[in-house]
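Some notes on the structure that comes next.
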Amino acid sequence: MLMVFLQQALNGIILGCIYALIALGLSLIFGILEVANFAHGEFYMLGAFMALFSMSGLGVSFFPALLIAMIGMGIIGAIIERAVFRPIVGKPLINSMLLSFGLSTALANLALLLFGADPQKIESGLADYHLRFFGLHLTAERLMVLVVGVALVTLLAWFIQSTRTGKAMRAVSQDRVAAQLAGINVSRIYTVTFAISGALAAAAGTMVGAMFFVSPEMGFSVTLKCFIIIALGGFGKIRGVIVAAVMIGLAESLGGGFISYAYKDAYPFLLLVLLFMLKPQGLTGGSGR
Amino acid sequence: MTLLEARDISISFGGLKAVEGVDLFVNEGEIMTLIGPNGAGKTTAFNLITGFLAPDRGTVSFRGRDVTGLPPHDIAALGLVRTFQKTNIFAETTVEHSIAIGFHTRLKAGLGSIVFGGADARAEAREVRERAREILEFTGLAPWAAHLGKNLPYGKQRMLSIALALAANPALLLLDEPATGLNPVETKELIDIIYRIRDERKITVFLIEHNMNLVISISDRIAVLNYGRKIAEGSPAQVSRDPAVIEAYLGRGFRHAS
Amino acid sequence: MNGRMTGAKWLAGLAGAALLCAVPRFFSLDYYLHMFVMSEIYAVLAMSLALIVGFSGQVSMGHAAFYGVGAYASALISLKSGLPFWVTIWCAGAVAGLLSFVIGKMVLRLRGHFLAITTAFFGVLVTLILNNWIELTNGPMGVPGIPRPSPISLPGLTLSFETRADYYYLGLVFVGLVAFLLYRLVNSRIGNALIAIRENEELARSIGVDAMAYKVFAFTLGGALAGMAGSFYAHYILFISPVTFTIAESINLLVMIIFGGMTTLFGPVFGAVALTLLPEFLRMAGSLRLVIYGVALVIFIIWLPLGVWGTIKSKWMERRG
Amino acid sequence: MRGKGILRSVLCVAALLSLGCAAWAALPDGNVRVGVVMPTSGTLAYDGGLALNGVKMAVDEINAAGGVNGHKIELFVEDSAGVPATAVAAMEKLVGMQKVVAVIGDFGSSGTLAMMDVAKRSQTPLITPISLAPKITELGNVWTFRGCDSSEMIAKAFTKWAVQEKKLDKWAFIGVNTDYGRGSVDAFGKKVKDLGGEVVYTEYFQQGETDYYPIITKLKASPANTLCLLGETVDLSRVVNQFHEMGLQEKITVMDPTSGTFNPKFLELAKAKANGIIGASRFVASIKTPKAEKFVADYQKRYNIPPEKYAQAGYDVAHMVAIAVKNADSTDTAKVREALAKIEYEGPQGKAHFDAKNQLQIGEYIIAVKDGKFEIVAGPIMAE
Amino acid sequence: MLLSVKGLSAHYGRVQALSSVDIDAPEGSIVTLIGANGAGKSTFMMAVSGVLRSISGEIEYDGRRIDGLPSDEIVRLGLSQCPEGRRVWPGMTVLENLEMGAFQVGDATLVRDRLMRVYAHFPILEQRSAQLAGSLSGGEQQMLAIGRALMSGPRLLMLDEPSLGLAPIVVEHLVEIIREIRNSGTTIILVEQNAFMALGLADAAYVLETGRVALSGKASELLKNDMVRKSYLGV
C-alpha cells in the first residue's frame, strides 16, 4: 500500500512539473499584462505539433526538436501578443477571457484543419527504458520530463529573479506606470513575456506529446487546470505557482488513485475551493490583485 | 445630545497599530472635524465607525444603540452614512439614476409589488423621482442630471458623492476629505452646502479634512489623531494653539501663517 | 430610467409581438423552428446569466450547471412521478434555484477571477456528478424518453406540442415572461441595488445596500431561471445527457451576453439569437466553421468591447447627454 | 469616433444577416439525397471522420456503378460536434431543407438518441453506424436502426470464448465514462460472472484523458489476470502504453473485446505494445472473403490506410440505405424504412439483417494482434 | 530653457484634464506647480514623461521636441519622474528598485557610482538595501522613490507630491535633499500641495486651476499674492 502511495506520488510530481511549465507562462501573462489567456493550452498544442513536424520534416532528434518548438512558439507567442492581446490590455478581465476563448477556438480548429484530428506520437526514444528503484517504477522518458521540467523552471526562476529583463518584468507586474517612468519599455516587456510563455508551453507540449500524444484538442482542459493553479498559487507568484502545480499533480494522482478516478477533474478545483474557504488570501498570502 | 460615541476603538494591521484606544463623540447638530497627518488613522477610524472594519477592541454606539460589528449596510440604514476619501461614485450611471439608487434604504416595495406593478411600488418610484429632484436642486447638480457620473468635472463628482449620501437619509453624515482637490470657488460652495446640510436638513456632520482654512472656519469641535492615537480635542482655537498638534501636524508654517 | 411606457412604445411592442407570432408562417421548416426554439432557450439562459454578470457584476463560469440541474430535475421528476411539464418546470426552477442559493452563499464573497474560477468548479462538479451518479442520472447514457408537455387548450388555440411551432409559441411566452420579470426587477429598487453593487460595491454598502444578500438574490434567481430553461430544453429535445451542460456551454453563454452587451436586457437576447444562428449559418463554411467563429469573436471583442447592443446604447446615451 | 461604434454594430448585424440569406437558399433536384450527421469537429472528430470515409467511398462506388435505379446518390454531410442539440439541428436541416430520404448518424449515442425524435416526427429513417447504447433499439422507435452490433451481442460471443476456452477468470475493467464504456462494462461484467469468472477491478475515465498512471498503479496492486479495455483508439493506446511503462504485460492479458483499438492508428501509436491484445470484432481488415478483400484494397488505395470497423460500418450503412431505396424503388421515406427493415445484406463483414427491433444481426470474429497484424483466431460466431 | 511646454492639452476620455498649458523650466532652477487635486498637475507630469499619450501641444526638452516619444525614450534623454504616491515596487528589494531605476544605463560602474550617490543622500536606504520595498515606512518609501528617479541620472527631475503624508520632520529633511539635488546641477519641477514648502523652495511657480495656468511668476512674489495666500496657504 505504501509502495502504491509512493508510486502515485511520484507520478503526481512528474505531472506537476508539466503543469508548472504551462502555468508559469500563464501566470506571467496574467501578472504582467493583466489579461487572461484562455488560448494558452493552444500554445502548448501548437508547440507539440512544431516539435513533431521538426522531427518528421527536418529529421532532427527529440531534444533539438524541443528547442525548435520552444523558439518557434516564442516567436508565435510574441506575434499573437502584438496582434491580438495588445489592443485589449487595460480592458476588463472578461474581455480578455472572451477574446482568448475565441483565439483558442480558432487555433484549435485551425490545427484540426491543418494537421487532422488524428493523434500522433512524438518519439523521444526513451519510453522503453525502465528504471526500478526501491520498488518504484519510472521510465526514462518520465525521468527526462522531470529533469527538463525542473531545469526549465529553475532557469525561469533565475531569469526572473536575477536578469535585467526579468527584474523589469517583475517591475511591470508590480507597477506598470512606475516601470514606464523608470525607462522600461513596457511594450517590449509584454512581448518578451508572451515569447517566454509560448516557449515554456511548447516545451511542456513537446514532452506531453512524447508521453501522451499530440492532437489538436489537447489544449483546452489544460488551460482550465492552469488557471486553477495560478489562482491557487497566487496570481503572478512564481514559487506559489510551482508549489500549486505540484499540489495539483499530486491531488490528481493520489485522488484519482485512492478516492475515485471518475472525479479526477474535480480534485484540483476542490483544492482551490478549500483554500479559498480556509485562507481567502491564497496559498502564499497577500491578495491576488 | 450625543449622537455618536466611539469608546476605546482600536485596530491593528499585521502588528501596526492603525487606531489605538481612541474615544470620539459627536453631538447632535454640530460640525465635528477629525484632523491629523496622512496615515494617522483618520480614515481607519471612519471605517471602524461605519462598519467597514470591525474593531479589535472598543465599542461604537449611535443614537444610544451599540452598532459595533454591524455590517456597513445596517449601519447606513440606521442613519450613519459616510463618503469616501477617493472619489467614489457610480461611474456608468447618470447622476439622476445614481441618486435614485441612493434612496435604497428608504424603499420598501415588495417583490410581488415590483413585478406586478403594485400601487405602492409605483408610488415609491414617483416619490423617489421627486425627492431625487429635490436633492439635485439642493446640491446644485440639477443641470448635470442626465450625465454619466464619470463625465462630470472633478468638483461635481465630489458633490455627487455627497448627494448620494444625502439620498441615503443620514442623521449623521461622515465626510472623508470632501475638499480635497477642490478649487477655492468649489471649496466655498462646499462650506456653504455643509452649513445648509446641518441647518436646513438637520443633519449632523463629521468631517475628515486637511484644508485647515475650511476646518477652522466651520468646525464646532476638532479632534486630532497622530500615529493612531488622539492627541488633542477641543474648539478650533484650542486645537490650533496646542503645541502637540503644531508639532505633529500643523507645523511651524501654520503658526507662521496665523 | 423610469419604467413608463408611452403609447408609441406600446404600439411598437404590439407590432413586434405580432411579427414574432407570425414567424412560423414564414419559416415553416422544422429546421428553422428548431433554431428559433433553441434561440428562445438561449435567450432565457442569456438573460438569466446577464442578471448575474451584467447587472450585478459577478462573473459566473458555471451557469450551465443550473441549466443542467434544471433539465435533469424536470426530466427525472416527470419520468418517476408522472407529473406534467407544467409542474416539473417549477420543480426545475426550485431545485436549480436552491442549488444556486447554496452555491451563491458559499462563493459570492469572492471577487473577480477568484469567483470566476470557483463558479467554474461548481460547473465542472455538476457535470461530473451527472456523469457518475449512475443510479440517479443514468450517467453518460443520458435520460431518454422524456415526455412532451401535456397539450393545452386556450380559446381559439390548442398547443399539442407535437410540432416545433407549438414549442416556438410556448418559448415565446417563456421569453416574454422572463423578459418582463427581469425588466420590472432591473428597473426597480432591486435593480438599482444590483447596479450599485456592480459599479462600486463599497459605495453601495455605504448607502445601505446589503451587497451579499442582493448578490445571492441575483445568483439564485438567475440559477432558477436557467433551471427552468433546462426543463424546457429537456421536454423539447426529449433526451438529455451530461455533454450538453459542460463548462464549454457556460463559456458559450458568457460569449452570448458579451456579444450582445450584458448591461441591457435586449443585448443578451440579441446575443443569444445571433450566436445560436451564427454557427448554423457558418455550416456552409464547412470545416472552417469554428475557425471563422473564433476569429470573429477575437475581432469582435477588439472592435466592440461593449457588445453590439451595449455599444449602440452607450453611443445613443452619449449623444443625448 | 462617435459614429464608428454604431457603424460597427450595424456592420456586424448586416454581416450576420447576409450570411443567413446565403445559407437559407434551398435547392431540390432528381438525385437520391442521403444525409449524414457525424462529429467532424470536437473530440470525436477523428473517429467520426473514419465513419464518414466509409460512407463517402460507398456512395462513390454506387454512383460509379450507375447509381440507384439510375439516380445518383447525393450526400449531405452535417457536423454534430458531438453535441445533442447540434445533432438535432443538423438532422432538421437535412430533413427539412435537403429533403433527404434517410439520415446516417450520429457517432455518439447522445446525438443519436436526441435525433430519434426528429426521425419519428419527420418520418425519416435514421440509421446509426456506431452508437451502441441499448436504448436506441429498445425505445420502440421504428424509424431508428442500428447498423452495427450491440455491446451485448459482442459480450455474449466473446466472454464465452475467453472464460470457457481460455480459462481467464479474474477480470479488470477500464472503460471510458460514456454510454458506450459504461454500457459495455456492464454487459461484459455480467456475462463474465454468469460464466463463473470474477470481476476484481473496475475504473472509468473521462474521454480524452491523458494520464492513466493512477489507475494502472492501482491495477498493479489488484489480483487481476485479465484487463478488459473499453474505449476509443486514442485513449486506449495511451492506456496500453502506460500499462507497458508500468511493466504489467507479463502478468495480465489485455483484451479489447469491442475492438475499439483494432485499427492501423492504434498500431502506429502503440507499436509493439499492441501485440498480444485479444478482442472481438464484426470486422477486421484481415478477413479473407472476396467482398472484404475488395473493400480493404479499395479503401487502402483511396485513403492510404487500411479500413477498420468504423469505416466499414459507414460503408455498410451507406450501402444498406442505397439497397433499401432500390428495393423500395422510391424516395418515399416510409417505403425506404420498410425496405430497410426487410433488408438482406452481405458486406465485407459477412451477412446481416435487422431484427424486430431494428438491431443488425451479424457475426463476431475473435481477433488477436500478432506482429503488428490483426489475426483471426476464431469466428465468425453468431450471438444467437 | 531646459524644458519648454507650449499649449499642452490632455484628455482622459471626454474629460479635459489640461487645456493649453504653457510652462517653462530654466536649467538649474526649481519650478513648482501648485493647485488643488484634479487641477492637472499630475496629468502635466505624466504627459511630459510620455506616459499619457493623448495630448496636443508642444513639449520641448533641451531644444528638441519630445511630445509623442515613448516614455523609455524620454527617460533616456535625461528626464525622470518620481510619481505621486511613491509607486515603489513593493515585492522587490530596495537595491533592486534602485537598480531598475538605472534600467537604461548599461555601464555597471556608472550604476555603482549613482548608487553610492543615492546612498549618500539617503543613508537609510543602504541599511535597508536587502529589504522588500513594501516593508519600508512611508517616509523611507518616498526616499526610495526619489532615489530610484535619480538612478537614471536625470538632468530634469519631476517630483510629484513628495511630502504627501510625511511627518513634518521628514518633510524638512526632504527640503534639504531637494536643494542638494538642485545644487548638484539637476533641474527640478516640483508638484506640491504643501504650497508653503514648495514656494519656499522654488525659483518660479505656476498655479494650476482646472487644467489651466491661473497664475505664474517668481515663487517669492506668489508667496505674497493675495489669491495664493487665500486659496493655497490657508491664510
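By written order: A, B, C, D and E. Residues from 1 in each chain.
The rule is simple: a contact is a pair of C-beta atoms (placed from the backbone, for glycine too) under 8 Å apart; a residue touches a chain by one contact, two chains touch by 3 or more.
Everything numeric here is computed off the predicted structure, so don't read it as measured data.
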Fill in: chain D reached from chain B - shortest hop count over touching chains
2
Worksheet, complete the sentence: Touching chain A and chain D alike are C
Item to complete: Could you let me know which interface, B-C or C-D, is made of more C-beta pairs in contact?
Response: C-D
Discussion item. Let me spell it out: compute each chain's centre from its C-alpha atoms, then which one is farthest from chain C's centre?
Written reply: E
Worksheet entry | Inter-centroid spacing, chain E versus chain A (mean Cα positions, whole Å) | 41
Practice prompt. Provide the C-alpha centroid distance between chain A and chain C, rounded to the nearest whole angstrom.
Written response: 33
Response to the item:
dist(centroid_CA(chain D), centroid_CA(chain E)) in Å evaluates to 72
Worksheet item: Considering chain B alone, which of its residues make contact with at least two other chains?
Response: 151
Item to complete: Find every residue in chain D that makes contact with two or more other chains and list them.
Response: 41, 177, 204, 206
Worksheet item: Touching two or more other chains, which residues of chain E qualify?
Response: none
Discussion item. Touching pairs of chains, all of them, please.
Written reply: A-C, A-D, A-E, B-C, B-E, C-D
Practice prompt. Note which residues of chain D are touching chain A in the complex, please.
Written response: 41-43, 45-46, 49, 177, 203-206, 208-211, 213-215, 217-218, 220-221, 234, 237-238, 241, 245-247, 265, 268-269
Fill in: Contact set on chain B toward chain E in their complex
37-39, 150-151, 153-155, 180-184, 187, 211-213, 247-249, 251-254, 257-258
Worksheet item: How about chain A: which of its residues touch chain E in the complex?
Response: 164, 167-168, 170-171, 174-175, 177-187
Discussion item. So in the complex, the part of chain C that touches chain D is made up of which residues?
Written reply: 29-32, 34-35, 38, 131-132, 134, 139-142, 144-145, 162, 233, 237-241, 243-244, 274, 277-284, 287, 289-290, 300, 303-304, 306, 308-309, 311-312, 314-315, 318-319
Worksheet item: Mind pulling up the chain B residues that touch chain C in the complex?
Response: 50, 52, 71-74, 76-77, 81-84, 88-94, 96-97, 100-105, 107, 109, 111, 114-117, 121, 124-125, 129, 146-148, 151, 161, 164-165, 167-168
